[in-house]
Amino acid sequence: MAAAIAAQQLSKDFRVKVRDPGLRGAVAALFRPRYRTVRAVRAVSFEIAPGEIVAFLGPNGAGKTTTLKMLAGLLYPSAGSTRVAGFDPWTGGSEFKRRIALVLGNRQQLVWDLPALETFQLNRAIYDIPRLDFQARVEELSDLLGLADVLDKPVRQLSLGERMKCELAAALLHRPPILFLDEPTLGLDVSAQDAIRRFLSAYRDRYGATILLTSHYMQDVTALASRVLIINRGRLLYDGALEALVARIARTKRLELVLGDGVTEQRLAVFGTVKSFRAPNAVLEVPRAEAAATSARLLAALPVVDLSIEDPPIEDVIRQAFAAGGEAEE
Amino acid sequence: MSPVAVWTRRYGAMIRNAWLVDLQYRASIVLWVLWGVTEPVIALGIWWAIAGDGAVGGYARDDFARYFFGVMLVNALTIAWDSWQLDRWIREGDLNYRLARPLNPLHESLADNLAYKVRGAGTILVVWLAAASVWPAVRLPFDPTRWAWVALAVALAAAMRFFISYTTGLLAFWTTRATAIMELHAGVGMFLAGRVAPLALLPPVVASVAQLLWFPYMLAFPVELLTGASLTSDKLLRGFAGQIVWLVIWIAAYRLAWRRGLQRYGAVGG
Amino acid sequence: MSWRHPLRVVGALVRLNVAEELQYRANFIASLLGTLFWIGTALLTLGLFFRHTTTLGGWQFWEVVVLLGVFNTVSGVIEAVLRPGIGQLASEVRSGDLDLVLARPVDAQLLVSFRQIDLWRFTDVVLGLSLAGYALVRLDRTPTALQIAAFLVALAAAVLVVYAIWVALMSLAFWFVSVENLSVLFDALYEGARYPVSAYPGALRFVFVYLVPIAWTTTIPASALTGRLGPAIALGAAAVGALAFLITRALWRLALRRYTGASG
């Protein structure tokens, strides 16, 4: 079956003004501006089959959003090509745009001063959705996302989580086969994040939509995506199933501690690898399986004010995975 | 569904939303009126003093009064704010989701214009009627034929100013100074479009330059049609010809700017 | 200590703003060109009026140019200092961000008024004064030291009066929470200060002297400088300025009390 989303050696370069910090640098930039080329995306290739949920993972500035914008047709590639829903996104036009939904985490399409329902009506008109279909879809999306009391309140009165859910609903009214979501769970509380992940999963199950989301949260991956594309500094580092990634990398957990008086680094080091020690804060790395047991022992043996068990940050995951390979500094 | 139905539904939804948003800011109507009224009133005040008991360039006090009330109304019906809005959309990333929809963002701006112009002009009309009830000088004779011509001239002027504003806003694809360019245009327009004085009062050289450009057709022509003296077919013909020619030119400018602008946006992003 | 602290705050704010502004290379040029353009437009407008008359409200052309210079000077101060900070006030009241401002250990009015300084706009002040000076040369009038002193006092009072009008407008934001773009309103009204008050017909004159007292901000200082009014006018101006300042203080406190009372 043809891929829903395909990228071939996709690249994007930007020219950026360079400025030294501080007052002197600012004056210099005033009279002699300098530029350098930023290789935001470098020869990225992948294929996503219809109905897959794929997470684009990577730290800030890795190139995730730029790649997404190329797939959505907002930017054109500096090199390489891409094909989405059978179209070239840049030249696809209206026909292509009806097949996609683009939700950018930090900007919203909902009209701020009106109830979300008004934006829905607007989208209905834009995408030419038949009335009965529209009503059915609004009801269904409202059910799946829990929007019953929320749709007729002005958007500015909604919480961030409610807004994001309405934003998603508005984007899906025309039931596109392809969804591009840029940081959909950014800034949301845990329950809202959870609700959105469950919704996206259910949506895909029901309609076979292909979902590509960018994120820098590990939980987006574990709860939602069957496959991850890890991108860092414009390069695709890893493309594969989630289990393999977890098995390969996240073998450790981090214990983030706030310690009481009198704890030295040596005393802590007995329990695991000390990643950082700046009294009273410390970070300890322990094997995943032993995290709970070690925590218990720690709490019993040392004066611990606060303890939390965290996944290693995505940067560590990437570094760990590719300690052998490494990428050259630009 | 037929294209006509689709577009009617689209514009209906967009105008409705723009109208509803506008309704939220009730106090801003007062501000809007005050803003649209003070500049012409101040200009009128000065010309009133200058005209004294006689006339200046063929305009006596009452003529000035009618002229500037005409400016108030026609300006409310033709002014366009899209360059500022587009500039903001492009810089703040609000253009992205609009580009991903199967609708040219121009339509949204057009719908917005229709909504706020109806509201703004309606308010000015009320102000004018109120003033006319106590001030005979600003009353106009009942003349439906003339008013039909005025309606056409206003529509053409509004369309042209919309495309000027939109195209200037598109310059934000290339420069951070798009709004400065629009302000420059507004500044020049103060004279050449007849905001600060009827065109007949300009130095002849300046007036001829104005006739070569689009400015008189933005404001002065509809205002003169509405409040001026006689309506000769020569005046009508030249006025409307000018409006149509410049409207076509500005639409072409818009299309060029949009095509090139999108290309540039695709290169550097938003 | 108590008066040095505000000065230090203002100093820090200025430094921060200068560093920020220097980043944008075109800002300076654009600002300068912008002001020159609007001064040019204003002069052309005056020229247009004076094509059809020899005096405006009894003022000669170059006397009105002096007034224009004063207008630009006062506008420059408004643009540089007042508009950026106070302009934000309405949206902060609406969004509740004002609480953050109120929580700072600095007098809130001071902070709101001076927190953002558009430094380049001080070029307006320089240009305005230069224009006034040039016009005086064309008038062949050299102001005496006393006249200059009276002018400066009147100018300071003018700034205070403008400040008062701004605070009054902005405090509307506390009562009518959905008021947007008050600064647009100010701009429109302030245009009336471009011309001598005597140029306006009776009703408008009443508005500009008593209702929105912008007459005090340009006509009076310009009169002092050109000698149309004796230096004693400075006393009246000073009184008005002091009154204006007291009113702003009172208005601000009133508005704040209402705000904190409402959001509690």
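For clarity, chains are labelled A, B and C in written order, and residue numbers in each chain start from 1.
Note that contacts are C-beta pairs under 8 Å (C-beta built on N, C-alpha and C of every residue); 3 or more make two chains touch, one makes a residue touch a chain.
All figures in this text were calculated on a predicted structure; none of them were measured in a lab.
Asker: Can you figure out the chain closest to the middle, judged by Cα centres?
Answerer: B
Asker: Among the chains, which one keeps its Cα centre farthest from the Cα centre of subunit A?
Answerer: Result for the farthest chain: C.
Asker: How many Å are there between the centre of subunit A and the centre of subunit B, using C-alpha atoms for each centre?
Answerer: Each chain reduced to its C-alpha mean, subunit A and subunit B end up 44 Å apart.
Asker: Just give me the whole-number Å value for how far the CA centre of subunit B lies from that of subunit C.
Answerer: 29
Asker: As a quick test, compute the distance in whole Å between the mean CA positions of subunit A and subunit C.
Answerer: 48
Asker: Would you please write down the residue numbers of subunit B that are in contact with two or more other chains?
Answerer: Expected reply: 24.
Asker: Would you tell me which residues of subunit A are touching subunit B in their complex?
Answerer: 14-15, 66, 69, 72-76, 90, 93-95, 97-98, 100-104, 106-107, 109, 111, 113-114, 118-119, 121-122, 124-128, 130
Asker: What part of subunit C is in contact with subunit B in the complex they form?
Answerer: Touching subunit B from subunit C are residues 24, 26, 30, 34, 37-38, 41, 44-45, 48-49, 51-53, 56-57, 176, 178-182, 184-185, 188-189, 191-192, 194-195, 199-201, 204.
Asker: Hey, which residues of subunit B end up touching subunit A in the complex?
Answerer: Its residues touching subunit A are 1, 6, 9-10, 12-14, 16-17, 20-21, 24, 92-94, 96-103, 265-270.
Asker: Touching residues of subunit B toward subunit C in the complex: what are they?
Answerer: Touching subunit C: residues 24-28, 31, 34-35, 38-39, 41-42, 45-50, 56-57, 176-177, 180, 183-184, 187, 190-191, 196-197, 201-203 of subunit B.
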